[in-house]
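Chains: A, B, C and D, in written order; residue numbering restarts at 1 for each.
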Amino acid sequence: MLNIGLLGAGRIGGVHAKAISSHTGSRLVAISDVNTEAASKLAASFGARARTNEDILADASIDAVLIASSTNTHSDLIEAATKAGKAVLCEKPVDLSLARAQACLKAAGATGRPVMIGFNRRFDPNFAAVKAAADRGEIGKRELLSITSFDPAPPPVSYVKVSGGLFRDMMIHDFDMALWIMGAMPDRVTAVGSSIVDPEIGGAGDVDTAVVTLHFADGRLAVIKNSRRAVYGYDQRVELLGSEGLLSAGNVLENTVAKATASGVVSAKPEFFFLERYMRAYSVEWSAFVDAVTAGDAVPVTLADGVNALAVAEAATLSAKSGASVEMSSVLN
Amino acid sequence: MLNIGLLGAGRIGGVHAKAISSHTGSRLVAISDVNTEAASKLAASFGARARTNEDILADASIDAVLIASSTNTHSDLIEAATKAGKAVLCEKPVDLSLARAQACLKAAGATGRPVMIGFNRRFDPNFAAVKAAADRGEIGKRELLSITSFDPAPPPVSYVKVSGGLFRDMMIHDFDMALWIMGAMPDRVTAVGSSIVDPEIGGAGDVDTAVVTLHFADGRLAVIKNSRRAVYGYDQRVELLGSEGLLSAGNVLENTVAKATASGVVSAKPEFFFLERYMRAYSVEWSAFVDAVTAGDAVPVTLADGVNALAVAEAATLSAKSGASVEMSSVLN
Amino acid sequence: MLNIGLLGAGRIGGVHAKAISSHTGSRLVAISDVNTEAASKLAASFGARARTNEDILADASIDAVLIASSTNTHSDLIEAATKAGKAVLCEKPVDLSLARAQACLKAAGATGRPVMIGFNRRFDPNFAAVKAAADRGEIGKRELLSITSFDPAPPPVSYVKVSGGLFRDMMIHDFDMALWIMGAMPDRVTAVGSSIVDPEIGGAGDVDTAVVTLHFADGRLAVIKNSRRAVYGYDQRVELLGSEGLLSAGNVLENTVAKATASGVVSAKPEFFFLERYMRAYSVEWSAFVDAVTAGDAVPVTLADGVNALAVAEAATLSAKSGASVEMSSVLN
Amino acid sequence: MLNIGLLGAGRIGGVHAKAISSHTGSRLVAISDVNTEAASKLAASFGARARTNEDILADASIDAVLIASSTNTHSDLIEAATKAGKAVLCEKPVDLSLARAQACLKAAGATGRPVMIGFNRRFDPNFAAVKAAADRGEIGKRELLSITSFDPAPPPVSYVKVSGGLFRDMMIHDFDMALWIMGAMPDRVTAVGSSIVDPEIGGAGDVDTAVVTLHFADGRLAVIKNSRRAVYGYDQRVELLGSEGLLSAGNVLENTVAKATASGVVSAKPEFFFLERYMRAYSVEWSAFVDAVTAGDAVPVTLADGVNALAVAEAATLSAKSGASVEMSSVLN
């Protein structure tokens, strides 16, 4: 039984609190937040105590922490927690600065404590089935991966301004998905973006619609499409073309009902957003973390994976600005 | 907060124990079973006490009981529990004997306590959406309902022998679905059945494959197909033809992945059986019971509904044997 | 090259005229109709001559006739044409009277000339693929067949009155489909019908909505649903449950386009009616006839098949009226 | 009635010969080919005469020519035919040289004769429905277009060498589709390609797998994926994200049959290649040409459209080589 401290009591913190509490191998004992009221309220509903970060990290009875605080605190908390001997599950992204993330990787790595990054989509049963089938060789050699990833509605511009931009904030999930499915880092990144959903997003220096192409050293390709707005819901699909076939994972729909009338056949929309679509993935993710930490096994998504995805996001940001491809080697040095 | 006694610690009892425990408005306090070891084991994992039926019914601190024991105990337990002032959620069927079920309805009705029957499929979000759309008039007047309901594999013949037969044991779910969606009792039932899946089922005097047609007084029709074996999984579909369109609810698939290769496109099978397909429905069902009992509202599936479905099953059993249609009026008198 | 006389210049005659003309192995040389103007007009657009039935049958240069005249002329024309040495493709049904059809079978059979009945749906590539897969044993033993067959809109009551009723006029296609796919005649027929689409159809003594269950001697079942009205289009589907799986053939949609918006996902309707859905089937049917006649092989749908389907329709008509199952042996004498 | 000369008697010439002959408004009177035997053979089966190009162009009774000869002859034949007063339907691409195509546009334009380019996919009912729905504003403002376009198998390397490369030979169809659906020329083209399907294609200096992103002046984006090999068949899909929804056109499958067994659900593959998938489109395309020429209306796909698509292909070719985006303005000057 692992005793868990949850750092961050916001919306995603609440999702994790539920997963931690429902798991028979973990117990949620403490919650922190800069908003102490939020921490107290969440703690109360899960039978945990509201405490400070320092307090939690200093408590030797706490085995692991889940970091769900704001992005700018991630690197510091990962370093402090691992130094304090905790196992860590940290939300994405590791940091907005690639250099800072790389330093964090070095520091946390030195402690030998497990650090897992919350790329929850890897635990979606649909995408996991695509990866597993590809790994079993069911479509031969992987050649061309396509990821469609549209949010239902754009975030407020206030959020966009501190988000690090679409590539580091939103597409970073898709970069991790691509690297994971293709099993390699790209050698070249080409990005095209624009702001057509909301001009204020463009005004804030970000894009809201983008296409990024990843080129791998052996010639394989991956293409990722992002839009901040798909009014019909959260559009999350993956297609992988291989030498012997195509694997695809479609959207999860709200229900299986269809209505045929004189004006056409109407069926359900995709589940609305990540809380609906990935609720089960969050639970599987947490189980994977608990299982790995309990057994002393390697965590399935490493801090290095988080840094790699961030490096690709950095390259994409540069490419979208310059209009030229960016060699990953130029970003990583 | 309702204190709940669970009568029956078998497989379905375990499903209910989880739903009861997970609900914020109910607390599982006691579990009984003729197999006292099973009761103790289940009680231990949910922090409840193993007790006898008598003990539970006599305990004034227990507000409601969930009856998940064997069918032959249902009527007696419903009567005893309502007499003891408990609210009741009882698994289907009410009884194998229509006369006994009718007597139970009378006796339990006299107590004024709420009794809900566990027709869990009404709480499946897909079928519920079909019902709701029809009730909103989205396809005009309901005309012809079709229910496909196939189990993945036949039960052991030992079970078949005590089950009351396919119509009372398996198709009773579909009868309730039909009566619920059509909003009426049929006036005439026509059944054709045979034993082609497993000759031993025929040897036990039952059928394993059947088609039943319900005729309603206003001319509307419903047809139900059952098979004890669909090797590809639990096939649970509904189609409702109306004067202005068709509503259909399809299977819930294991995932959304498709694989296209030179030999065809392969996609996932339906979820395997009722525990997978209706896991969410059990939870919604329990919520509906807790909400109704807590608020003092009528329960959404009544004991009378359970008796009605049993009456149709009785008519179908007779029709399948005689080869003639059976008037419901002849069964109900 | 076969020289063809077309008897009947109505709507379906026009469809056949096109199929005959487009085929490289047949030449449309003559057309007859009681409406001589219609015959002349159709003949003109296909470069054929308008003639009388007698004239066409007496012309030794004409190898085969396609009978697309009204049902009450079919038996007489089949007998006359085969007596005149012609090969015959005749539209369904053979006759409205089973006795007359049986006499026709005897008379035509005595001539040794090939007579094929136009059960066009056998030539639909989707249904043909189901049949072929079942014949290859892909789903093991056939157990339960389901046919959904809804017309987009009811015919005028004037047509209903001379049609022979839904079972002989409309469901006869499905009876042939069932007998063909199951590879046997049923031993018992159970029908339930009502008139809920259009009360005038009921007033004319017919039903517009019906469910028929066929029981085969070895216990296998088939169920057929018909409605005269599905406002979303021609609904033509088949499902066959076998001991090792399920084969299904769905509707052919107008296109593959889907539109996802905030109010749902809208896709195309089934193709409107038989002229759209089965246009290709009519052409394949004609090819099959030409190939068989040219090669001297047996035609793929025989006059006996037409009589068998009519016998089942007769039994269904009786069953729907009496409310009791009808033994096929009682119909066949 | 238009008298038509067909220049080119290869595979695609045969497809056009059939469309020309089947149309009630056109008559195929003459066929030419460098392979005179092929011309004679094709002419024989369609009741036309085999003649030379010069002969056909000089014949005043011939109203229009369909150019289906090898690409390197297109520009010359377009110029010669329009100079001779013929209306022209020419297969894509106009030329492999953008400069030559531009000169041809100028020369042919000066004659005032209609020249249509055979971008047959515009006439596919599925893609046409997407375009029409977008034009009706059904998904609001167009934002992000995705085209998936995979061939079933790579062509021989001998063909690749003279093809002008994947962008001019294969993706040119998709460029036209993109320009047509988006209703504009892009201002910037970014291409990433590689040779992973067949190393010999790379050896010939071409790519077999590519992703091209088009950026439009108003910020809208389009992305096109091409692969020379999808072993499951011809994969031809389009998705258009707009401010109010998503329109998608899926593959046309060989049939609607599904087989569910213990090992999954198997359904049909996409139709094999362009002759299957676009057979109907070729016929609609020809009708559109005949209708426009007969009525004196503008043809629906102009020579300028052909030159535009070629210009984008030129930019893509340059971008794939340099790794940098290419401004269309740099290509067009």
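The working rule: contacts are C-beta pairs under 8 Å (C-beta built on N, C-alpha and C of every residue); 3 or more make two chains touch, one makes a residue touch a chain.
The structure displayed is predicted, hence computed values, not measured ones.
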| item | value |
| --- | --- |
| Interface with more contacting C-beta pairs, comparing A-B to A-D | A-D |
| Label of the chain whose CA centroid is most distant from the centroid of chain C | A |
| Inter-chain centre distance, chain B versus chain D - centres from mean C-alpha coordinates, in Å | 58 |
| Centre-of-Cα separation between chain D and chain A, whole angstrom | 41 |
| Residue list for chain B, restricted to those that touch at least two other chains | 230-232, 244-246, 260-262 |
| Chain B-facing residues of chain C, complex | 141, 143-144, 146, 148, 150, 188, 190, 192, 194-197, 209-211, 213, 215, 218-221, 223, 225, 227, 229-232, 235, 239, 241, 243-246, 323-325 |
| List of chain B residues in touch with chain D within their complex | 230-233, 260-270 |
| Chain B partner contacts - residues on chain A that touch it in the complex | 125-126, 129-130, 133, 138-139, 244-252, 254-262 |
